[in-house]
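Naming follows writing order (A, B, C, D, E, F, G and H), and every chain is counted from residue 1.
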């Protein structure tokens, strides 16, 4: 078994600590990384965990099956307005839950607005006042991926768009949603990889970290 | 020069006469087909005409440079509510003008709703009462192609979606808009090829022809 | 478990009630939505159900394993000519069965014409009189997807083309059939996503709803 | 300028002499190859010629602008039934003219059946008796490329399918027609590259050469 | 369960009887088609059979696990030189075995030349005399798909190229081999779909049927 | 000529005024929009202008040929640290100049770091102190698009990645750079469309607008 | 079962003996090839072995589960500096282990530098002195595939780049890494197929074999 | 006009000096870089030059229109065996000429073997003795790109494969040749980007530089 070279200085350099990407790692590798963190009393986060990882971490960390994450020693919640997490449909929610796990582990509060897809605009319009109060928005959608375009035309917060792999036929796997978000006619959107709730959270955290100090 | 085999019986079979597809045809071929129609006093329509075609047909037919069409002996206008033509942006309009030319040549009135894209939803909401009065809608959009999804969630008329080649980067050429429309989360949409205003008009005409007799 | 936000007003807005898309939903979520409908005595339709969904709904609704659908409290049959459902091969039939389940649940009668693919044209020619009597046609094909092009050249009804994922090698997954239908040389075709029998039915229903009132 | 290494033994090995592919060759290179053939009194064929090539060869060989070919010292016509050349539309004809130029230069007679596309099946049915008399068929189509599938279901001759780059939107460039022909549900079709009339002719010639001796 | 509409007249029209494509068909459907053929004493062929199909047909027909085919009442062998079947590697053999099963069921003898790929040319050169004696060649290769190009440059027989799905990384699934064969710099090649041994056999049979009568 | 429906309320809603996208618009349309802005004394910005647009606006606005932009009545510069604009190579600079034109028109100062691509890391390392002082970074690269990944691993500011169409062979057009940036192994990157300097600027402005008030 | 035609002369011709590619081969085929080599006392190498192959070879050869290889009768180690094997992340290691197995079986020593990806450049910089001592480098990376570009800008040794299938969303399967490496802005890189550790080793061996004799 | 940041230390680091990539650079930029080199008496190389670049450099450097390169102060020829440059067809030659210009500017002799494509194997076999004498081979091919696979099976030198954009239909632009080379069944091949003669030369130079010192 090959050892893992940990990037201890990443948080100092980038504001975000190294996070364990579970896919392709053995249960033993992941467990040891959490045991080390427990011994040192430091924060540890893992994403994209499989069933076996989740079971093995049950007593070591706070695990969440929907988002497939585990968190140990989360940071205390910061006193700031929440990041808004919006989803087009029910199937997009696990991706946002991954973002939520990373954000809250690092102290950033969130607020969720699920099932507000464009097939029934009244659902989005009913929550817009609360959405506008968020300093940053993470908007996830699959299928045709239209939700970030509609949202970005209505708010002055930056929109981090997350295409999801929810879809069928031509849109199975998320490429259609990804391309749709990149091609958006609404300004003020930037996009992360398909199903990449972790990446969206990191972008939000970098923005929020800088906001806390003003624009320095 | 190779002659063209005309499908004289197409209107009897399908409700839509053969229409000249200008691309790849010589000026002489197109002019002769209009001269024959003039001699016989029958309807003739051409789409996808180049500059040379348009110039040569100037005195033979009603030519329109924006839609690149020519029409001779149009049918009289039918007494029925108009087909709604909606565009996301300015660049999509020539594609809708092609649909308009074919529809009106065959007697079907239209009503246009341009520049109602999803980046500013209030523009669409301001015209929805008139949109709802149309029995069939043709909705064109380029870039992320989200407009048909939003419209179909608001109306009970069938939506014929036309992706346009308006776009840049990943969406240049219209494939992103096409895929987005096929993947729509809103029910009651069917899609034609990129920039195919003619095809959208044909689908609308087949629907309208059948509507005029009720569902028979 | 995350709750589902139901779009109760969808039928009023669009003529088609919200339908449960089974993929990605838990058995518990789907069962509860049917139990609510049973308690309220209202129509409920689900598509794309898995084995576990079908088993759990056995006593609650009319389930059909071939189309992977379930229906509760279907609407009474309307007095109108049937929607024509045509398939190129045997493998395309489940997709048409999904369309049939949605159409008949909402009261629209259908008539099926299976195995009439272009490799043996006499099979299609033998049923053309009955096909021509249908006000709307849904035509499904996989592989090279040529059937809608041939049919649309022979009828005056609108053709809703459904590419299926039936195929091998380059056509596995249905993209070849999809592109072929979009590129059709026959006018009067519009296309839905691969294997999207539900979407085809919705387009047909919007057309039929409008036909029932004439073109208003 | 770099010289060209001529494969003099190709006809002895394969039954087909080397043919000049004009694209990417200079006018001087092409002219010299024809002058050499004139001096030696041997057959020479060039395809894919540009305007400048055609002009320079005007007095040296029989040039044809529609097929962009030039032929010197063609072989006498063989006494055998003609190869059938079928096209879906008008735009496919130049590709078949290239095949015709190569076939007739090597002595194989042809018979053309143009504009018999699937949007109006009666046109094909009207010529089927003559089509059935051909020992080999070359069938060209663009757009959705359905014609070879329909033809192959009606004849016992081998069908060499040639996709053409005629199309628009998703089918521009010929990939849709190519894939459609490869995916055909009709048996007894083999396919050459897009717009490759030359390649189709070569396959036909290899078949015909072998047929002339029976199956040996 | 939906019944199957059998195309009884296919052999009369095209020279090739309808063949059962096993994928997507139930065991019961396939068994019944063989039982009918047994009762009538006629030829029946099935390809692309699954494990369950093969087991169920064990006592009804001659089944072959490598090619996944079953044959009942094969035609007697014709007195003609064999079709040559060449493979680049070991993995391509099952595809050629499918072609062999169809060819021999219809009476056409074959000769195999396996493992003669371009990474070691001497293997091909060692069998070229026998290859040249075949009236038609079916050449299968995966990965970079170069074998048909090399073979076609050495023989005067028509080459039917079959790309196989053998490959890894960029060539997994066979698209690279398919495109390579279509793009071949050697004339006299035509291509069938990936892994389509059946289609290659059908093309060969149509050629051989015509050869038997000379070019008529 | 079709009129343009201006979205006057966009800045109030989103913090960014509507900007003219020059492609596909006539010179007359663009000139009139600048004349209106001049009459009203308001800001106007245009991007993606052609030669004819640039010439016609010469006396009406500040035009820049490298970025293909025009600006009228820019906002005064804000007192805040500059947005960092980094490019991998020389060819990426026009895309960053478009971002610069939009940012400075709206009062946001910038600082450029050009030609710091990964083929010579010392160039980037030499400017890292200044890069780290920027609150937001826009990083443009073509070819393999690796620069944003390297930069994001070194800073705590959010990185807006802009793939450019600079490249050759497989990377011509920018898709490789786009995909590379989406797939980055470094956290804290979000991506805009190919060559979309305008979109990157809008995302930066939304972040900066929010930073100016802290996280509210 | 079909036999395998072994290319005994490959090492004499190319410097590299034939190696067994395990995928698609039966356990019996692979075992027999090792038994033959054992009887003859010659070197034998297999790659891409499945679980069953590995188990069956346990007592016959040195098997390695991480690299999925087996080696019998390896050559003695040559006295030369080691090939450098670099990986971006942990997931890329099995691909390098395959290269290592082939290199060491043929006597070429290696040195590994794992987990030195571009998200934390300091890790690469810390090992550069040792990397520069290697005559040839094999650099594997998944996701955005940037590592070979960065390395090649820092060394004078040839870089053989191996894209790996490690990735998610748009980069799943390795195509993004492959394209990124081909598009590299750093000179002195050549690329092999995705996950092709074997191919990278072969290229390195051909280089090293020639180096041992100087440039001859 | 933006200045260019020159990487003066590249040759010290990598063994290859920075080379001017002409595309996207102005004539003035390129001329100035050559004037600086002339003043300093140092080597300068430019590739991918346009007509205007070539004309402007006529009196400053040795320019070559076929390869679109310019060289000033080339290094003296080294005493070593030549790099072998092989092409499949005539159209691939300019790409090899680019490699030749870079190699000879840096003192590495070359030997060319043009027009040895796989459609006529005897041409390659006739030169194999000379090919085997080369320490490194650069093999260029378009269309199906099979030549490197055949060559690598016959030699013990490393093969650097260069796909070219020569092709038509599916192979236009070079992607088919690229994929074919990556998928090669012959070991000991590594691949550079389409038409990238420069990149192939750089890989060869890094190999040769190391060979000159043995494997160090």
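What we mean here is this: a contact is a pair of C-beta atoms (placed from the backbone, for glycine too) under 8 Å apart; a residue touches a chain by one contact, two chains touch by 3 or more.
Every value quoted in this text rests on a predicted model; they were computed, and no experiment measured them.
**Q** Touching both chain D and chain H: give me those chains, sorted by label.
**A** For chain D paired with chain H, the chains in contact with each are E, in label order.
**Q** Moving only to chains each one touches, count the minimum steps from chain B until you reach chain G.
**A** Shortest path length, in steps: 2.
**Q** Since chain D and chain G share one sequence, what rotation angle in degrees maps the C-alpha trace of one onto the other, as a multiple of 5?
**A** A turn of 180 degrees brings the C-alpha atoms of chain D onto chain G.
**Q** Compare the CA centroid of chain A with every other chain's and tell me the farthest one.
**A** Max centre-to-centre separation from chain A belongs to D.
**Q** So which has more C-beta pairs touching, C-D or B-D?
**A** If we tally the contacting C-beta pairs, C-D comes out ahead.
**Q** Interface overlap for chain E and chain G, more than half of numbers shared or less than half: same or different?
**A** different
**Q** Measuring centre to centre with C-alpha atoms, which chain is farthest from chain E?
**A** Taking each chain's C-alpha mean as its centre, the farthest from chain E is F.
**Q** For chain D versus chain E, what separation do you get between their C-alpha means, in angstrom?
**A** 26
**Q** CA centre of chain A versus CA centre of chain E: separation in Å?
**A** Each chain's C-alpha centroid was found; their separation is 51 Å.
**Q** Averaged over CA atoms, how far is the centre of chain A from the centre of chain D? Could you give it in whole Å?
**A** Here chain A and chain D have centroids separated by 57 Å.
**Q** For chain E, jot down the residues that touch at least 2 other chains.
**A** In chain E, 10, 13, 119-120, 152-154, 168-171, 175, 178, 182-183, 186-187, 193 touch at least two other chains.
**Q** Which chains touch, pair by pair?
**A** Going through each pair of chains, those in contact are A-B, A-C, A-F, A-G, B-C, B-D, B-F, C-D, C-E, D-E, D-H, E-G, E-H, F-G, F-H, G-H.
**Q** Using the touch rule from the top, collect the residues of chain B that touch chain D in their complex.
**A** 2, 4-5, 7, 9-10, 13, 23-25, 29, 48, 163, 165, 174-175, 178, 193-196
**Q** What part of chain B is in contact with chain A in the complex they form?
**A** 88-89, 117-121, 143-146, 149-150, 152-154, 167, 169-171, 175-177, 179-187
**Q** Touching residues of chain G toward chain A in the complex: what are they?
**A** Within the complex, chain G touches chain A at residues 66, 90-91, 93, 114-116, 119-120, 122-123, 166, 168-171.
**Q** Quick one: which bits of chain B touch chain C in the complex? Just the residue numbers, please.
**A** 10, 13-16, 19, 80-81, 135-136, 152-160, 178, 182-183, 186-193, 198-200, 202-203, 205-212, 214-216
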